[in-house]
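Just so it is clear, A, B, C and D label the chains in written order, and each chain counts residues from 1 on its own.
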Amino acid sequence: MIIVMKADLPPESPDLKQVLALAESYPGITTQVHRIQGATRSLTEVYLVGPTGVVPEAPFAEFECVEKVVRITQRFRSIGRHDGGLEAVGFEYNGVHISQDTFHVFPGLCAVDNRENVEKVFALLKRHGIVTTRAGAYKPRTSPYDFQGHGSSCLPFVFDLAGKYGIKIIAMEVTHESHIDEIRKALQESGNATGVMLQIGTRNAQNFELLKHVGQQTDLPVLFKRGMGVTLEESLNACEYIASGGNRRIVFCLRGVKTHLADPHRNFVDFAHVPVVKRLTRLPVCVDPSHSVGRRSAGPEGLLDIFHVTAQGVITGANLVLIDVHPKPESALCDGPQALLLEELPHFLEDVAISRRAYEERRKRASAPAAATA
Amino acid sequence: MIIVMKADLPPESPDLKQVLALAESYPGITTQVHRIQGATRSLTEVYLVGPTGVVPEAPFAEFECVEKVVRITQRFRSIGRHDGGLEAVGFEYNGVHISQDTFHVFPGLCAVDNRENVEKVFALLKRHGIVTTRAGAYKPRTSPYDFQGHGSSCLPFVFDLAGKYGIKIIAMEVTHESHIDEIRKALQESGNATGVMLQIGTRNAQNFELLKHVGQQTDLPVLFKRGMGVTLEESLNACEYIASGGNRRIVFCLRGVKTHLADPHRNFVDFAHVPVVKRLTRLPVCVDPSHSVGRRSAGPEGLLDIFHVTAQGVITGANLVLIDVHPKPESALCDGPQALLLEELPHFLEDVAISRRAYEERRKRASAPAAATA
Amino acid sequence: MIIVMKADLPPESPDLKQVLALAESYPGITTQVHRIQGATRSLTEVYLVGPTGVVPEAPFAEFECVEKVVRITQRFRSIGRHDGGLEAVGFEYNGVHISQDTFHVFPGLCAVDNRENVEKVFALLKRHGIVTTRAGAYKPRTSPYDFQGHGSSCLPFVFDLAGKYGIKIIAMEVTHESHIDEIRKALQESGNATGVMLQIGTRNAQNFELLKHVGQQTDLPVLFKRGMGVTLEESLNACEYIASGGNRRIVFCLRGVKTHLADPHRNFVDFAHVPVVKRLTRLPVCVDPSHSVGRRSAGPEGLLDIFHVTAQGVITGANLVLIDVHPKPESALCDGPQALLLEELPHFLEDVAISRRAYEERRKRASAPAAATA
Amino acid sequence: MIIVMKADLPPESPDLKQVLALAESYPGITTQVHRIQGATRSLTEVYLVGPTGVVPEAPFAEFECVEKVVRITQRFRSIGRHDGGLEAVGFEYNGVHISQDTFHVFPGLCAVDNRENVEKVFALLKRHGIVTTRAGAYKPRTSPYDFQGHGSSCLPFVFDLAGKYGIKIIAMEVTHESHIDEIRKALQESGNATGVMLQIGTRNAQNFELLKHVGQQTDLPVLFKRGMGVTLEESLNACEYIASGGNRRIVFCLRGVKTHLADPHRNFVDFAHVPVVKRLTRLPVCVDPSHSVGRRSAGPEGLLDIFHVTAQGVITGANLVLIDVHPKPESALCDGPQALLLEELPHFLEDVAISRRAYEERRKRASAPAAATA
């Protein structure tokens, strides 16, 4: 059971204390208070844990400070919307607000190769007013004989440059809990020049021990990539491992699924699930067109397939877009064939903006009174 | 080898005859002349059949009336673009022009049940200025004990009503060659009140005998639906069976593929292949959001998933949209759960228009000089 | 409702007439009598069609001549076992008995190329006492530009040679109803030198019009190949189209399914479904190792993968085995890479015999009293 | 490059030292010596690491003590057979020899629930002379709210009971490196009463950090389960992560793959890949029929599908069989529906023995001179 308090309730509100006291007066019930800082207001939710089946709703609903009481279902207990009972308020990290309503592009290097290339990319982002990026230091590769990423050794210069060019969030894959310690240490040594969103890759989507560990790092948000060969439901259950550990700042990322039917694309683009994830859960949704398409083919208009599938994600409400860029894709150490050239980024951003405007127009029209239409 | 003649060349042009004579002077070479009536001009292509490997290009290119000479590759011989060598000029049928540049919505009944419902739908289309629809008379169903469609018995009233309400094209599935005879007879008896586009369903996507037969019906265009469990390449090869028979008025329709990874959608939406089909072939591309999604769930904005995936198809350049509507979906004899209500159609059309405008803006921007962007 | 009569009841039995009269005395009920000639006895089943829900069982069960009364479920109405209520008695064709208990190997040419090769194969079969084969005259191919089979032109010499070498059944794919007429005519012209089992290929597994047509050819048995991209349930439902048309002499053939997970095999071997089909339906089960594996790789023992997957089918009770052989695989016009050499057939047959003996031992042990085992 | 020494070469052989010295005399080349204790002899292999392209073979082949020199290909560098160049000698652990020639059944509890059930199972195994089992202490579950296994707390009684009943190897899944420390500690505290084979589950098949860690535990063998949604090639590459770390005592386990085409089985049985893995690599192959089938349905002979698919694995040469048993499946905390009853185990073992004998007969026949067959 979740008791949603009215917006902007102060943490020290005596009303809140009364609600907690009442809840804990029921046998076996304990409480957890979650405060969520949204863009324009703060939200407080009280979670009742234990045998809530016998706890009545009415006594709580009568409080002046309570907005509503939501009985949660077993399915997606922590991340779910529970049949629309809960809003998707999102979260703020390092000054950037991310929710099911916001929109950010994360252009960046799939794998960090050298300082020069990182600087070229970050400088370009600054020119375009972008404060969010991706940068891979730890790369899980199919074969142990492939380049595995520079690991912690590249973190100092990546974070320094991020600070220099005003980058606020770097999405960075981790494949072992020690990577998080290394990242936190390097962030600290950089004077917290930037922020990191921990990325869980598709190969670790059911590495539950890593998910539990990430679930305890409540200072860092998480970008969770859908598992390749598992259902959407199983991937959302995996997110529950993170959320039930305490870390609710999770973004769900669609990146295509593996099947021969995807051909000639590398993976089968699954962005039709953007509205599904937004309906079932409170999580903001990211799309990763680079890994989905995996190649630079273009349609007859001259638009790359990567542009096209991005448009498909954005026009249906995707909140984040990861996009691989590289100054010299042909010399990239990993996934070069799917990276945009730096000079293609401006066109990409314009193209994305068209799709985002179309989404906003669609959303506005959807909520308009339908009086004139029948 | 294909010799593309300059636009608007008269069929009786003496130049054309000279080109044909020259071609046939090479040993073993025969010719086929294809005239394609586009929206603004007519196009003539001369196909050289036989051992063209030894036929030189230069003597043809020198003719005043020849625009270009294209060597065709083995892959997608009849429908292919041959590395961009051929334009996708499309075709005209019953006054409606369909190509990779045009856009039409085909709202209609998945299965015709009675005259009253057909009239309700056609009247609604007329109010919205729509002259294209779908109507199922022959329904292939998983079980022989399910409703199989009214067959030829419903054709007279469907065609009469089509004439009454100004419908120009009805997309109608056929599963046996005799259905085509029945359709042609009923059309004639209706005084050709309307036109029919023969639809090949996903279950018959590799029914090559039916494809060959349809390939000979050069008076009727064909809507070919991708096979469920086969690759895109195999589906395009199946279209070659139609085209190599002589009927080149083919529309390729994406309708989702079957895999457990689609869940909770009925099929895995494959509209990321819209630009792929347009790049590889000259075929206009249709999307079928109703059969892809298969249910009426809505995202948090209040927009049905069916609207969302339609937007994904349209913003990437889909040329046709099939969409199931029904006056009373709960009483539909087939696929009711995926049909829009009649009163939802206006909102659907507005939503589609937003996506189409966005596509047109994207396309315009793509072809604009990129000077200012780097 | 099905009334199973005691074995070897004469067709003209007055008892049977009484049963029929009683059945038809219920409102709206009609009857169909099916006689099945098994290896050692004949079986008679009376099908009650119509509103059987209100027909009681007791009055029928009381007849001396009635063995049992089985209420059929909706699922797999004609081919089902109805929770074990019905035995799988199988059928006899041209002197060969085929059931869930029998075992036959069908070695043969995937595609007939010339008389010489057909004769080589049939002569080899005769030396091994084999009277069942496969021979492809009509070949559905992915591309219209591939060899499509010799069609009706090869039937005369195939049937003549079959007669000469004592072949009783040829499994032969048909892709259009006209092929059946051609086959029947050629059989007649050969003086019915042999018999044909009509094969429905995987690409036509949901070509319901062809299935209905084949369902009416009650003189010829049918070999139905599972559809590539559809579930087992959907494929069994497709068999219902054949059976509900009247032709119950159906063999269900597993031939692998298409997925990238099959690699390095051509298709994903699905022979784990052998016991499933035998449990759910009355149909004998065939396996097609050649099309499943699609290549000639061998394991470290020197046994081809084709031998191995055959063993997997046979040890779990497969009743038929289709196996491609060719005198010169490298010159075969279709699927050469998967054909056994003629000189490999003897070893194959010995290998198969080991697996069949193991299956029989397993089955015997299963039905033995389990007293000593706990 | 691998230099295979003649069998039973003593580790201190001066000849070996000469070979090493010669190898290291080439620029940039270092050596690794691997000794493999087989059932009847020991094998020594010298691996040359570095730029071996310029190292000639002849000088090594001339040594008396050298059996052969094998150039290794990039593919499956550590585990591969390199086109048959290397034998699959297997390994010995805690007195049990496991190789591509041996055969062992591992019946056991999917998840350890209590001491009583563990004792019942181990006592049964002892009565049947079985010294190998499975026992799950750490269970990765789709949802965080499902039973996650008793973890380290059950290890003491599991290991004590193993010692009491003569169990030599317990296959036990680990999902975090700390589990290995816990296992090793508990083994030590039990006086090394038994041995443990570390199991990597399908969800961690591409958890490369865990694989690398397991690769360093050279005292414990590893059972690697194929990944669910990835190709066989990708799963074999994942094994390379283990082997390249130094641990070459790896068993590859097939356990079915996830696709809707598997229905009504839980997973699609992939045991047709048994001979493929044995051909491509030196790894012994295990099959897991319980997780593949996932239910207790039986064929018409009264044999469970689990028995049938086991037979399919064994008759094609599987070396290990994992099989879930439980005293009371209906009260099992995990995967009860797929467990055999204890009283079914004797029949299962007899059934398996039939299949194994059939495999041995097939193998013997394969290697016999084929003189009489053509």
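Just so we're on the same page, a contact is a pair of C-beta atoms (placed from the backbone, for glycine too) under 8 Å apart; a residue touches a chain by one contact, two chains touch by 3 or more.
Keep in mind the model is a prediction, meaning the values are calculated, not measured.
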| item | value |
| --- | --- |
| Relative to chain A, chain with the most remote C-alpha centre | C |
| Geometric centre distance via CA averages, chain B-chain A, whole Å | 38 |
| Inter-centroid spacing, chain D versus chain B (mean Cα positions, whole Å) | 53 |
| Chain D residues counted as touching two or more neighbouring chains | 229, 257-260 |
| Chain-level touch network, classified as line, ring, star, complete or other | complete |
| Of chain B, residues touching chain D in the complex | 258-260 |
| Interfacial residue positions of chain D with respect to chain A in the complex | 74, 77, 140-145, 175-176, 203-204, 206-210, 212, 227-230, 234, 237-238, 240-241, 244, 257-258 |
| Complex interface listing, chain D residues touching chain C | 81, 84, 88, 100, 229, 231-233, 257, 259-261, 263-265, 268-276, 278-279, 292-293, 297-303, 305, 307-309, 311-312, 315-317, 343, 346-347, 350-351, 354-355, 357-358, 361-363, 365-367, 370, 373-374 |
